[in-house]
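All remarks here apply to the structure that follows.
Order as written gives the chain letters A, B, C and D; numbering starts at 1 within each chain.
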Amino acid sequence: MGMVGGGKGAFIGAIHRAAANLDGEIELVCGAFSSNPQNCLESAEMLNIPANRSYTDFNTMFTEEAKLPAAQRMQFVSIVTPNHLHYPVAKAALEAGFHVMSDKPATFTLNEAIDLKDIVEKSGCLYGLTHTYTGYPMVKEAASRVANGELGEITKIVVEYSQGWLASKDDEDGKQASWRLDPARAGVSCCMGDIGVHAANLAETISGLEIVKLCADLEPVVDGRQLDDDGTVLLRFNNGAKGVLLSSQIAVGEENNLNIRIYGSKASLQWQQMEPNTLWLRFSDKPSQMIRAGVGECAAATAQSLRTPAGHPEGYIEAFANIYRQFAQQIRDFDDAKPSDITMQAPGIKEAIRGMAFIENTVAASHSPQKWHPFLLSNIQLPGDKV
Amino acid sequence: MGMVGGGKGAFIGAIHRAAANLDGEIELVCGAFSSNPQNCLESAEMLNIPANRSYTDFNTMFTEEAKLPAAQRMQFVSIVTPNHLHYPVAKAALEAGFHVMSDKPATFTLNEAIDLKDIVEKSGCLYGLTHTYTGYPMVKEAASRVANGELGEITKIVVEYSQGWLASKDDEDGKQASWRLDPARAGVSCCMGDIGVHAANLAETISGLEIVKLCADLEPVVDGRQLDDDGTVLLRFNNGAKGVLLSSQIAVGEENNLNIRIYGSKASLQWQQMEPNTLWLRFSDKPSQMIRAGVGECAAATAQSLRTPAGHPEGYIEAFANIYRQFAQQIRDFDDAKPSDITMQAPGIKEAIRGMAFIENTVAASHSPQKWHPFLLSNIQLPGDKV
Amino acid sequence: MGMVGGGKGAFIGAIHRAAANLDGEIELVCGAFSSNPQNCLESAEMLNIPANRSYTDFNTMFTEEAKLPAAQRMQFVSIVTPNHLHYPVAKAALEAGFHVMSDKPATFTLNEAIDLKDIVEKSGCLYGLTHTYTGYPMVKEAASRVANGELGEITKIVVEYSQGWLASKDDEDGKQASWRLDPARAGVSCCMGDIGVHAANLAETISGLEIVKLCADLEPVVDGRQLDDDGTVLLRFNNGAKGVLLSSQIAVGEENNLNIRIYGSKASLQWQQMEPNTLWLRFSDKPSQMIRAGVGECAAATAQSLRTPAGHPEGYIEAFANIYRQFAQQIRDFDDAKPSDITMQAPGIKEAIRGMAFIENTVAASHSPQKWHPFLLSNIQLPGDKV
Amino acid sequence: MGMVGGGKGAFIGAIHRAAANLDGEIELVCGAFSSNPQNCLESAEMLNIPANRSYTDFNTMFTEEAKLPAAQRMQFVSIVTPNHLHYPVAKAALEAGFHVMSDKPATFTLNEAIDLKDIVEKSGCLYGLTHTYTGYPMVKEAASRVANGELGEITKIVVEYSQGWLASKDDEDGKQASWRLDPARAGVSCCMGDIGVHAANLAETISGLEIVKLCADLEPVVDGRQLDDDGTVLLRFNNGAKGVLLSSQIAVGEENNLNIRIYGSKASLQWQQMEPNTLWLRFSDKPSQMIRAGVGECAAATAQSLRTPAGHPEGYIEAFANIYRQFAQQIRDFDDAKPSDITMQAPGIKEAIRGMAFIENTVAASHSPQKWHPFLLSNIQLPGDKV
């Protein structure tokens, strides 16, 4: 693979590389690691990329790599730039004939995501999106249990993603904080765009349902912020199920508290990202079951997502690596013209669009005095829009 | 004490008696246990109440007891009847000069609660309300920590009370279920009236804040129900803090999941009723503290609410008994014309009114297409009301 | 009931009374609360005991109570004196024809316990012993699961009772500490006598097995102590199962950590006193089951030991009250000449003897350079004994 | 690096490679993956190793690699063969001038480990041993806390490593089980050799203490086994602290339950491998602290062992990768003739010897009727030894 962004000092690039490295199936062969040539040089050296495959801009990389023999050139590009570049880089890569694995969010606006869908389709290439949390084995297991009907009809979903790192004005100075709170760089939302969207994705991915209606309360908690740092969204799903989505970056004491509960007519399940190897299945009239990764029977997708025996915890990087491993398999299947296992596909363009729609719908709904709003997939009227 | 309701077979009456018995400070001396004379008889026998102090109606009980010498007659009455009788029994008792400890909810409507306030004031008697959960030692500790300023400015409260026992149509046949789902007996709300109101009370009690605005989503989940069996309420408190209140009776697998998280600018706390002897204090930049009942220093109100050394779990009945013990102390203070310790008072008429207002406000707000509604303390326009 | 010991200021007496009060079935009618006449007076007043039934010595109490008509006199005596008096008070009570409920340990020495057995048998009276922890509902459930064969053949038991309150020399000044570390008042052991014996009792009670062999390491941790403050005992049970019993009073940070794991050929179970309403059933090849008090089906003995619906935690006092309630039922059955339900009997003279034997066997084994020792029920050679 | 063993289908080889891959610092350049030439071929292909660097025996590999220019040849060898080959392969590698990273146990016997020490010293090369669990960040933190004196004087250590996968005769058929229970392939111990030794290593590593005396009970639980499948060891450490080490492979329901508690005069700590990102610090008189990876200040060694922000769980593979990363740094320091940070060194030859001594001492002590035995570092009399 090649990489755009992720030069020395970048956090998420390092995680993507660790994830890609883990299984020894993917090799980083080239990169346009930074807009800063010195950083490009140093990053390439650090990563053992030969000088002739370290590029200073992504367009050159795509052009030059495309000239290499198929066996040598990168097979896909991993995009780990700042958010506003995700779309143009993905567009350029796809148009140059490369598969794309993009960091989340897919684009800067919903309209870009809609355009991207056309571009993906025209290119005939594969597009993957690192909604990391869906890579966890027990998320696969949860989705399988719902699909099997073990929960009965889904009646209610409570999903939360809470953090505390933006709880005070003092927290705003950090590199991560400053761009996330800046509309010009982060887009229309901070909290919902950064983490709320993961919660929404998790709820839809596990339940197999889609949000159709929402009521949002995204007011920022810390004075003087232009973007939301906390929010709650009331939901309705397409089967009529109710939902509550809580998200916060001002919840002091929360680390990375992503958790979900899905209630059905027969049973419920509960999963927490911070203890990811456990899935709870609960009933009204018999003991709860603590389903543990590697203990007893599990879904095929779960088993394929595990690397160690029961009781050897797997974590965030392994979940991330699962997304990469799935994508690598999709590429092999693509090359072999075989269909991919639907339960083992990386999140893709559908999730890209629904994610951007979630962000824009919550922001729009939050500014409205009206309670309920349909979940739109286009033409969302945002607060600053001129009518 | 005397008791109205709670005859043989009644659940909550037995709990009230256990709570009153626990410390050996309160003696049950008379009762009007049932509207059924045979049950009265059997209950009195079971409880060792002499026949002449077992009454078949509460008015007679108040009249007859009032005639007894002060040292013999009951000092207060515990009301554990069905909800619609709480108000008339309390009114009669207060007007006969007896202190009242009432099961929750205080009344059937907000208007009755407002009337009751006048009656309490006129009577000069004490009025207590068993919002049981505030009797837990660690709830006292939590309130003390907030009052001390350890959390800084409160920014957000997430409170939940979820159960699963009304998750299906089949669950509706039970005695408890049938009256709770019947507007004629339960009032305007099932879930919010039964348990959501405890969550609201807990949030206000610990935080010392008051709800001033809300947005409610109380639609019933199970088909054919006239009253809510699940709901979420978005909140604003009088200091501007945001809140989310989740409550459900259809959350399969939940037992009695009352839990609260209060986030402040400096720290947050978390408490769960099902593990009541633990209180979490959490920070952004240092280890979380697991505060345990009986370990190290605690607030005076906490210490006074504990009966055993650290590690000997105390539970629901002890919390309930604390409410009774507090009320017994209030009566002693009253008799001695001494002021009562404000941190050690049973919930009273203020909580009665705010509780009934919470119920009616959420129901009214839920029926409105408008998002936010002020939290009113009178003249709430309910759906069925004729304008 | 009558009470010997437990005057004002005594800890365990108050717990016994709360336990006896809880269900309103047992009334305290007389007492010899203290060897101090002033304390007797004040205690009687505090407890609403008429002056003529407040006695200053236990012999008088037994004599005088025996003279009262059957309907008036106490039906049993609760013994909550310091340990060395348990035996003489029990003996006197039994010989006067009163049933006895004794605080633990039953006696000061194994020989006394053996004598006591004869006395109980001769008296024809009932004898109960407050091994409190066996009163927990989930301990009943655990025993039932083992008896049902759900675990298969028991292969290993790990039981622990750890506390930290005697971790330093400074802790020795307290009233509780000073007598427990004094051989003249505590007997041959501190840690094993006070709490290790509860662990042994719990293991035997749940498993239905008996210890037949042991290896002990009871050396005190804090310098200068004559009695053990920490110990580990390796065990063999009568079916060949292996065991490990850990007990400590110097385990800083432990509150009252009594927990047990019982492994069988088919499944294992785990219970922790500090979260007593949960019992774990675990398997090799399927999800663990979290069995919760009040959820789904349970053993009859479990159901009879519960007072509240699922999710309303019950604790130490309720467990203690269960022992009293069981004993009250045994007395009623005795009066009715009916057999008592064996799963609902309070611990008795058998547990008294095995408990004292456990203490003396571990002390003797600990002083021996030899690894294994048979578990003897008489004639144990203690270190100070003259041969 | 080069690898000996770990061909297609081998479990632990894959884990070593994932661990080595994770940070992109270590490249697998050659291997003698199997004694089976076909497996060698297929493994090399699977791992993208050129045919000329895929060797069919380790001696050839060492000879050939040594001939390559320094910049091309492997820098160290990772040994992931069956146990009995660890010693001869390590010896050959060291004598050929290659650093060695060996899977655990270091050798087949203590005598081999003692020999190996000489060989390491003579070679001037580095020797690392994958006692994986010491690679966890919170194990580093725990060791740092003890070294800082936060616990005061260590008084007691309870360490456990329990699994359930060998609980029944039926479990013996698997590939892993059959060799572990065979003295010819596993050595003198199954349970202690496989996992008990990790527990001992963890206790010594965190506490900085050394076992000096022990009493062991290793009898197998399942009939017909020649080697232990369960055992308990009573310990004394060189500062006088007491210890208990529990280990089992027949504990049905246990996954990989490695946990440790270290009690000191001032505080205690607790860590569990199955929730590895949490470390508990507990006190007698103030709230317990839940120390979480990435929250607040931590030791330098902890910080260097983390890859993600707080709340993104890291697990077993990351711990394993830390051992590799430490070893890679040791090699760089070696090449630069710089001293390595002592808190960041991979376990080495000292741990190799103490580990083998632990295994042989426990087996010897278990066969003795005498309780206590000194912990010997040579000349241990094993049961089968001819005197």
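As a convention for this text, a residue touches a chain if its C-beta (ideal position, glycine included) is under 8 Å from a C-beta of that chain, and two chains touch if they have at least 3 such contacts.
Note that the coordinates shown come from a computational prediction; the quantities given were computed from them, not determined experimentally.
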item	value
Co-neighbours of chain C and chain A - touch as defined	B, D
Relative to chain D, chain with the most remote C-alpha centre	B
Distance between the centres, which are taken as Cα means, of chain D and chain B, whole angstrom	56
Centroid spacing, where centroids are CA-atom means, of chain C and chain D in whole angstrom	43
Chain A and chain D: spacing of chain centres that average the CA atoms, whole Å	36
Chain B: positions in contact with at least two other chains	254, 283-284, 288, 292, 295
Partner chain C, residues of chain A touching it in the complex	281, 283-292, 295-297
For the chain B and chain A complex, residues of the former touching the latter	155-156, 158, 164-165, 167-168, 215, 217, 219, 221, 230, 232, 234, 242, 244, 246, 248, 250-254, 261, 263-268, 270, 280, 282-284, 288, 368-372
Contact set on chain A toward chain D in their complex	14-15, 17-18, 21-24, 27-28, 47-48, 163, 254-257, 273-277, 292, 294-295, 307-318
